[in-house]
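Both of the next two complexes hold chain A, though its partner changes from chain B to chain C.
Moving on, here comes the complex of A and B:
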């Protein structure tokens, strides 16, 4: 196996310097090393989107990125969206629209919504559906999630 | 999911890669976007010992250059970058459409065009458009370099003429403007589905007749194939309903798909025809 590598990267604005096995996934680093368990593991193979985080501003599956690819990376997880006690407007819209049932997919869903709205602040309904097409939800039937993202876009 | 630890080398430069190659390595695999390779590792499809060469940090393979005769796309350019590139859309709309439909936003943000080519799936979405636009691959290793036409690169499902430590450095496509280009695919659903069948088409017209129409089919054989007979039939003809219908019949005879877990041979043959009729009808409508 490989020697450990010294890795410098930023998570939710905090600089990290950690020695890691280069084959460790970003998901394992977040959950097991940094104890940021808001990012969920679903399939572990890029199909479900539960582990979606922002990597240099873009939505990615944390299960399909490894440590060796993270030098100088900037990562934002669900824990990094709010400011102190105040939750992010997208999180607020999800609560107000009742878009959360079991909640397991929601951190990933919200990170995909964040990436979408950062790039396209006023998406159409089709664009919202396409923007969250990499995130599976088995409870809501998606319509309230789409409404919540529409609401968040309107209130920006 | 418990992930087995494996050996990874971060490649700092092409020289670094060539030095390592000269020393020799056990079963090297390139890691570009990682969206295919990491799944193979998780599924235990790579037999240890193997070494993962992480080339994702090679900035020189990340750019797109527009030149007089060619557009050069670095092999680490992602599907998302291609999909959103306005100038590429003008020249190669079939490639734009294909990249737009790959995986999901998360996958498109990581998955690279070089990885899609190197992986050599007959169902890979970016490959049929590269056939119709006449793309060539720049392959480089410690011994030298070579240019290979895309249709000469693949030898079977997952198989290519590439040597293990030979890198796909860039893809160059003749910068030739066509009148129409499209990519149509059928999958179980729109997102995150492997294509059951796909069709790329690019064509030019002269004095109202089709002059040069290239058609490539994905997921119907061991590699992507060109529908040569159908192209020949279309040459010099106007885009009429009769011509479109006949072209659909010809491509159905020309395609020799297989039955696999995603679709039957009979379904694929019919759908080759359906997709071509749809593509030509769309062209007729915009023309």
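Moving on, here comes the complex of A and C:
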């Protein structure tokens, strides 16, 4: 274990000041320290996308980001997507389109969709597919996930 | 207003999109220990010694268990008990669990795992079906290398072949497939009072897990409570092996008196969890000039891996379906599942069928080609219909929608036009269209007769909300939604008022496993039984309130009304309030036992499943002749499932199953080195389809009502994957003229054959 460092960053709009091991991954920080378990671990090695969160507006695999990269960073997780009681339009579209099965890939999938739509509000079907190509889903065959993202884009 | 047949919103969708659904790794208990496994680094070897002394000294390590610490029986109870919870004197595959560590932190547990020192004496390995069946092969088990054999004898194959105008004979091979559920296996065991234990975890079959935990701890079943947590995919992969993880977590919890969480890394899950069986299939088909089948002879081998787990019944299912959904009077099938020093194989969506269906649907295609008959037509010519017999002599009495699936998929995909258009492709990119048909026996049938029952507990609360407990599980397929729809209709109340409680082994009697597309029929019928009883009781109350005999009362949409005059009515709520005042018992258990099934091991004849579902898949591909890369353009998939309780969920099952089928056909391949070690236990080298590897999928629902199913439903879930690979391979043949007899059809393999042909 390396020496602990002091970190300042924001998670879902809340400022955090924590002392921790600089080699800890963002995924461990979120799940084990901040108890934000909506972000999932499917592989821990950057292969599945289950742990996708937004880091300064970009989709990243939280299992590949380490604490020392987080100073002054702004992080958004699935828990921070809706506004208060209101769920986010992407979340709503996932429900309406029946895009959810076992649900394990879904938080990461939704975060990738959010990053995609923030950058490209009207993506083509092809662009959506590439936008989520780092997020594995074994249940749905992706069809309804792609239509959910299309729907969310239309309704924005 | 019925909700059955409507695509209502999933019960669990909101929790899941919000990130609130609690999977086992999201749970935490005070004082909880973290467990890590010590897995064998030898493929096949005698254990000379296990030294845990250094590992025990790591700060934070609380307990290390080996087989010596097991108070009960060191065998996981599955079909045949041959797999230990922890290897005793021999390890039989690379990755086999030998010890488990429980520590205060994951770091301490990982450190200790590295320090457990195991000495092995290597033994000569057996790494393939061919090696395993050699006469002089080393024996992996005392009983030898055949886990189990089954056969079918029907008619006279010699006569059948002599009547044939054409006979074709081929060998087919298929690989392991890894389930790749996104949530790895995990269990959390918590000591309970008076020597009991509660295990929370990701699983399909709580009652298997309950038996496993009782067995390893040597405590009675009533002391073991199993609670299924939200489960991140199963596909059969969480049928057998969760018992092993649960047993070991429970052992550590039992011995330390503290909660213990064991969640596998992806690599650990690859190494230790069950896979789809690799196969070798020798297939001989005889037919007349007009395409009718005269005889089929099959020898079907499965590689069961080091332990038999579910292999006997996986093979049995393959056996029953080995000749396809076709009429054929002369059949001889021999099937053997053999032991090798590779990871044990178990249940995977399709359960022994995708392998053999790849073979029979290739054979049908070859026949069609040789006889110059359209491939869809040759299936139509032989397809079973009501009144026909299967290869086991079972007469199909109702609900046989195969012909309609052929017609609909052929029409909708514009089969005829595309056959000729694609044949014009002569350049580097060539398109092709192929078809496959198959059937699937619902539930366990005669192969799992002792599990063919299910219970349900239905309770109407004082506020008229309803909770339902069942023993089958949700793993993403949508069971909680479908069963809520069935309950709502059975009671005549709103879908929104139904809540399926988390599956807990103490709520209903042992209801068998959640496998074989059985939850809808089994739990659905048990729920209907309970609702019938409750409505009897409520009927008495309503009859007195309305002064109208209950026989002419209709329960619908939160109301009960007089059939002849619907304005004479009461709200459901008011009947419940009155019933509570009168102390009427508004909770009850329902029970369902599946219709009779049989199987004679000598002849292989019998009434094997109570009903079957049917499907036809049409696949369109484009092959790059310069690289061998196959792109699937479209899959049109028609399925007869009796009744779609929720069409959107059915579509989701089809889309997901098709994409798994594309992976099986073209990409997924577990690889081993010469020593028998798996070399690609991760998603960067074991590739599953991503969003850009999919195709346009056109699901078609065909409904041939099954009278004994809930609202005519037969069950679904497994069927979508089964026919996909052969349809793709047949399309590749149409595009290229090259017949691939081994899966997956990787670019390297296809290109090398195209190259040879050139």
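Observations on the structure shown:
Convention: the second predicted complex is superposed on the first by the 155 of 156 C-alpha atoms of A that agree within 3 Å, B and C clash if a C-alpha of one lies under 4 Å from a C-alpha of the other, contacts with A are read in each partner's own complex, and residues count from 1 in each chain.
Here is the rule we use: a residue touches a chain if its C-beta (ideal position, glycine included) is under 8 Å from a C-beta of that chain, and two chains touch if they have at least 3 such contacts.
None of the values given here were measured: they were computed from a predicted structure.
Greater residue coverage of chain A by touch, when chain B is weighed against chain C, goes to C.
Of the two partner chains, chain C is the only one that A:87 touches; chain B does not reach it. Of the two partner chains, chain C is the only one that A:37 touches; chain B does not reach it.
In the superposition on chain A, A:79 makes contact with chain C only, not with chain B. Looking at the shared chain after the overlay, A:133 reaches both chain B and chain C. In the superposed model, A:68 makes contact with chain B only, not with chain C.
Once the two complexes are laid over each other on the shared chain, residue contacts for A:45 go to chain B and to chain C alike. By the touch criterion defined above, A:12 reaches neither chain B nor chain C.
On chain A, the surface patch touched by chain B in one complex and by chain C in the other comprises residues 1, 41, 43-45, 47, 130, 133-135. Interface residues of chain A, counted against chain C in their complex, comprise 1, 31, 36-45, 47-48, 50, 77-79, 82, 87, 91, 94-96, 98, 100-107, 110, 128-130, 132-146. Contacts from chain B toward chain A in the complex involve residues 1, 3, 5-10, 31, 34-35, 38-39, 42-43, 52, 54, 56-57, 80, 103-107, 109-110, 190-192.
Touching chain B in their complex are the following residues of chain A: 1-2, 5, 21-25, 28, 41, 43-47, 49, 52, 55, 58-61, 63-66, 68-69, 71, 112, 115-116, 130-131, 133-135. The touching residues of chain C, counted against chain A in their complex, run 7, 9-10, 12-23, 25-26, 107, 179-184, 230-235, 265-266, 475-478, 648-649, 651-652, 654-660, 682-684, 688, 690-692, 694, 697.
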